Amino acid sequence: MQKITRDQLITKAVELLSNGTVSAVLGWKKGEFDYDITPAVFTTEEEINNGFVYNDFCGANFSKYLVAKTKKLEGKILVFLKPCDSYSFNQLLTEHRFDREKVYAVGIGCEGMADVVKLKNKVDGIVSIDYNDDGMYVDTLYDGTVKVDYAEVMAERCINCKSKKCVAYDELLGEDGEVIDSARFDEVASLEAMTPDERFAFWQGELSRCIRCNACRDACPACTCEKCVFDNPGSGVENKAPVTSFEEQMFHIIRAFHVAGRCTDCGECSRVCPQNIPLHLLNRKFIKDMNECYGEYQAGAEVGSRAPLVDYTEGDLEPGEVFERGENDA
Amino acid sequence: MQRIGVFVCWCGSNIAGTVDVKAVAQALKLEPGVVFSTDYQYMCSQAGQNMIIDAVKEHNLTGIVVCSCSPRMHEATFRKTAAAAGLNPYMVEIANIREQCSWVHKEMPIGTEKAIILGKAAVAKVNLNTPLTPGESPVTKRALVIGGGIAGIQTALDIADAGFPVDIVETKPTIGGKMAQLDKTFPTLDCAACILTPKMVDVAQHDKIRIFSYSEVTEVKGFVGNFDVTIKKKARFVDETKCTGCGDCVDKCPMKKNPNEFNMGMDNRSAIYIPFAQAVPKVATIDAGACTMLKKGKCGLCSKVCGAGAIDYTQKDQFIEEKYGAIVVATGFNPISMDKFDEYAYSQSKDVITSLEFERLTNAAGPTQGKLLRPSDGKHPHKIVFVQCVGSRCASCAEKGKEYCSKICCMYTAKHAMLTRDKYPDTEVYVFYIDVRTPGKNFDEFYRRAVEEYGVNYIKGMVGKITPEGDVLKVQASDLISNKQLHIDADLVVLAAAIEPDKSARPLATMLTASMDTNDFFTEAHPKLRPVESPTAGVFLSGACQGPKDIPETVSQAGAAASKVIGLLCKDKLTGNPCVASSNEMMCNGCSSCERVCPYGAITYTDKEFRMPDRTTQVRRVASVNPAVCQGCGCCTVACPSGAMDLRGFANNQIMAEVDAICK
Amino acid sequence: MQMKEYKPLIVAFCCNWCSYAGADLAGNNRLNYPADVKIIRVPCSCRVNPMFILRAFQRGADGVILCGCHPGDCHYTSGNYYTRRRMAMLFSMLDYLGIERERTRVEWVSAAEGAKFAATMNDFVEKVTALGENKRLEDLRCKR
Amino acid sequence: MKFSYFPGCTLKNKAKDLDMYARKSAEALGVCLEEIENWQCCGGVFTTSRDEVATKLSSVRALKDAGSKGQGLVSVCSACHNVIKQTNHAMQTDKEFADKVNRYMAEDTDYNGETAVYHYLEMLRDVVGYDALKEKVTNPLKGKKIAAYYGCLLLRPGTVMGMDDPENPTIMEDFIKAIGATPVVYANRNECCGGYIAMESPELAKKRSNAIVDNAKAQGADMIITACPLCKYNLIKNGADIPVVYFTELLAEALGIKEEVNE
Amino acid sequence: MNKKNLREEIVLRAGVNPKKCMKCGKCSGTCPAYDEMEYHPHQFVNMVDTGDIEPLLNSESLYKCLTCFACVERCPRGVEPAKLIEAVRLSAIRKQGANRMTPNDVPAFVDEDTPQQLLVSAFRKYTK
């Protein structure tokens, strides 16, 4: 499959702006460095030509931005949806979080995004990055230009990509892919196979690093509550900064439960975590359990689908049986 | 801050025997908000209640904690006490220190310690209690009865006689249902038509009853006391107000070869038809699938002969919207299809019939004018075999039969067998049965008469195979008592087919948000104590839609449902349970999670305008709970991701406070 | 020795219509179970938010048990079916984090099952006592 | 369209015609039947007992062989089809049994009932299609009143065999219509001819067989067709006075290739 | 082997539960070999259920069942009597020297049209 290029996106964005289809464009713009790309709204051709970027670091999921942007805007907003973003897009529509009529969605094929951390682990002192068909050419302070294969720096979530199929769009750039039978649950399974003590040790090691910056929540496309329970004094679990380690602990469990059945497994939580905690492994555990107990379900695969936790059958497994199921598998 | 009074009950020695009540009262006095604490021998006694009332007045209490027996016992009592003292009744909490403390623990220190903790939890909760007022909603004083069989007819008559208007919606062109098709009724053998048709006439002439025949319910909105129902009146191409039911059109119609549903397809009717002579309303209906005028625009004979000018080929389906306070479901039953039981050769021989077909064969208004003749050749049958439990009590094959007992078959088969022997003494009649079930007044006596006086051969065993050969039906069966296999060359075989709920019931249940069991029978609010009410408030059940029933049972349930409806319609206003869910619109995401889990359809969504801090306005989709429909289970509160949904009386912060108090 | 001293703290959420009545029946029949069990009444098991359970653990509970009507018997027709899914998922997650699975339980107790209620509580308390104090949830975040 | 083909012992011997007509007709219909190498006799009856492993291995081997080629497995003989289909079902649904079989066979790959099993009639109905068959008929058997005799093996147990409604089957009647003849429906078409009992109690087999033939005749049949060599044997042996033939023979005749087969 | 163990073994082997029987007699009503049997299908079910298996082991009835599955198909409760009969039969013929038929017996039964199917079926039913 041909990679989508910046030029293609700009051409499309300018075309839709100038013919009046949309009045704004949700896109990416360069940050301080070539790899810290931030989402931005463009309203003129000029802004786009100057600021719009698209490269291997444009992993940010835009769906969530539509909740706020569509409310404020007159006319339509253009959004580019990678396959994983399109699932979040549908999920938000299922939850009536924005008006579909106010969005013009362009699906874009995706060959996987790069992981900044992986890149930094390989290369020190990044000055700038150039892209080529066969890899990245990184200009560095110390080692001159270093060539890096895409495969070496591909993000975990892209290696275990669940789908290259755009499930929502008004128009598609490039070719559509297929849903992939990915190995994304392997890591969860290997954790499940551990003894409780080993699992405890693993999670203690991971979660003790949390600095409670809320980045996971802020990036999560399922976390679009008008008022987050962690910010709500009436909820009983309000806490902005860590008071006790224990309250802290609850944060990730509650958050994972809150998005259970709604999480599309886009991987944004892990991507944005400054402490590199594999938060997606919590969400995937719920997804894996729900798939195994209640039948395959992919949040966002279709608009209006009924998530497992707001559904039931009379013959569901008992909570105790869910454990036993794990034992039989092991 | 609340001013809370704590009242610890001794319950004689029931509590005081294992719990140091004074210590409890003492300890709870130190809890935040508590301004008064005392103990007494019997709090529920008049003296105890007066003590509470006095304390409320004296100490200006705003909340009450009673440490006593289970709230299931005396919560209502102490709420009344609070009301008598001028407090909101929902400012009372009970700490259950009897059933869940003194009675299950033996040692005083342990019991006392736990009682104090339970008391603290109750205090913590009351601190967060708010006065609650039950909502009120008006009642539309009109009832809807869905289904016009004997169940619907009886319910409608009883409600109408009490003075409330009733509408009956019936899918067929006439009311009457299955009972109209029956010949005689067990165990008295009175003629079904003789007892049913006067009731049908009563319905037709009752000034409080309207009949929507050839109609169905297509939409139900609203809630108890306030249902909005859409009824589709299917086009019958005859103006009901003009048709006199004279039948001239029926005679003249050239399209005469259409299976007659009323006679179970055993004879034919014309394309324009009146189902039977006593039909109500006695109005003709055109079968659009059979009429050449409607299909090809050629014919028009009925219009030409109709003196009243009632024929209207251009008639369209009509939709009627009406408001009701209560809905009674009386959708009835049907025999199951015999397709999957072809070991009995139902599809192969016209002389293998179902019991309902047998009813028509013996009915004077039936296809043979009541003479028992074989459908294949019109000959008089001599050997007749009845097979019981065809498709009933069938556990291995869900797609074939039904696991339950159909209840009515034993008795109607005894009736068929007896009547056959009575009218045709030259016949040999066999009944194959698994068990004969006759629990009813005069039922077993009736069955025994069939055997002892009428000489019906009851054989314990089942028919395994029926082989039509030439003009006989070779019946192969077991006789378990004599341990033999029997081979009978029968002339006619009658299958007692299992009965199942009418197919229209399932979609109707969805519209009504009324629950059903796996067999598609409507579930009752309580199987013992509320058998004629659906769990959905304002929806009542009458007849076989709730489970297999015979006529007397159906009629008594119909009356019971009617009395429940009357009880509801008598009220001018309904007061609800104030412990219902409510949504904080500022926090609601509009995601529909709550709506999806609500078993009562109590939650709806509206677009609402909000003023934002920056003075702009924003339209958001938000949930709102109808307090008249909500029953207060709280399922929505957990489904809600933002915590916008909360349950009054069991609010998130109240339960958390209890948790904290217990875990402190 | 310490085991002898140790008394676990157990929070039991009981639905008003079946399990709370079952607990009352246990009382009526004088069926003993440890006082470590403290019952919180909720209208339906589906009212129990996972946050309540986590809160109980957070505040020092050693075990949390949730009792509701038997599946199919819910007073509100379907509440316990949702409970079953929610708790199955929550408990599986706690297990995944290495929290002992015996600390959490869902049990269906009808209003007629006083004996079952008492037996369940006895068993649950025994299991939790054997585990000892609930430290893991607290320790999960502190790597020592 | 290519299938693995399991002829069975009788088709190699006393029922060669059943086999030959089946193969040639399939060829004419564009279906390739590839005989499984080294197939072994199915054993004639399926032993329902769950602890019987050895008697089911020949079926499992045939199923595995077909599966390894990615082909469905077709058989004509009712007995072979019944045994293979029931074995396959047991391998699919009874894990304990399947484990036992797989351990016993100790081969590189396990088998869990993945292969699709067809009776020749099912292949005609579901793969070729009766409409397509009708078009290929050059010699419609007009005017013949034919009674389809299913016997017990083709249909039962209904939930396992899944060929048709076990009490009111139509697959053979529809076949008869497709080749231009008139089917005669009679109740005993799914009753047992006596089967292997003919060996020990010929009188019982006679009673059963006569019940079938008499019923077919009484309902107006002038010919009976079957897929089972033992049924055919029992009916003829016990004095059927109307012809009893294999359905494949009529198929070949209708397709106009009967002579060709006999050459 | 005691009565109870034999019952359990047979029930396990057959994979069906005789307790499900509601004693309707449809199996015996449908059985084509009924008249040849000393114990009829419904009796098999009842006798296996009550552990009264010894008489069955010694009965000719074991070899009269045609395995035509009519009772299996038509049983309203999923008891599947033929499977129980088969399980008892196996208990009988698995005993040492209990084969009902030997190859030497065959020629007496065979005529020129006898299909192989008849021989293999009979052998499967009569021998271990």
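Letters A, B, C, D and E name the chains as they come in the text, with residue numbers starting at 1 for each one.
Criterion: contacts are C-beta pairs under 8 Å (C-beta built on N, C-alpha and C of every residue); 3 or more make two chains touch, one makes a residue touch a chain.
Since we're looking at a predicted model, the values are computed, not measured.
Hopping across touching chains, the smallest step count from chain B to chain D is 1.
Setting chain A aside while every other chain stays in place, the touching chains still form one piece. Taking the mean of each chain's C-alpha atoms as its centre, the chain lying closest to the overall protein C-alpha centroid is B.
Averaging Cα atoms per chain gives one point for each, and the point farthest from that of chain E is the centre of A. More C-beta pairs touch across one of B-E and D-E than the other; that pair is D-E.
Averaged Cα coordinates give chain C a centre that lies 52 Å from the centre of chain E. Our note on geometry: chain A versus chain D, Cα centroid distance of 56 Å, whole angstroms.
Note on chain placement: the centre of chain C and the centre of chain D lie 59 Å apart, centres being C-alpha means.
We define each chain's centre as the mean of its Cα atoms; on that basis chain A and chain E are separated by 63 Å.
Residue positions of chain B touching 2 or more other chains, listed in rising order: 343, 465, 597, 639, 652, 656.
For chain D, the set of residues that touch two or more other chains comprises 167, 191.
The residues of chain A that reach two or more other chains are 229, 235-236, 309-311, 314, listed in rising order. Pairwise chain contacts in this structure: A-B, A-C, B-C, B-D, B-E, D-E.
Against chain E, the residues of chain D that register as touching in their complex are 8-10, 13-15, 41, 43-52, 55, 77, 79, 94, 152, 155-158, 166-167, 191-192, 194-201, 204, 208, 228-230, 232-233, 236-237. Of all the residues in chain E, the ones that touch chain B in their complex are 20, 22-31, 34-35, 40, 42-43, 70, 74-79. Partner chain C is touched in their complex by these residues of chain A: 188, 191-192, 196-205, 207-208, 210, 229, 235-237, 245-250, 253-254, 256-257, 260, 282, 285-286, 289-290, 293-294, 308-314, 316-323, 326. Residues of chain E touching chain D in their complex: 12-15, 32-33, 36, 63-64, 66-70, 72-73, 80, 82-83, 86-87, 90, 109, 111, 113-125.
On the side of chain A, the complex with chain B involves touching residues 71-72, 94-97, 224-229, 232, 234-236, 258-259, 262, 306-307, 309-311, 314.
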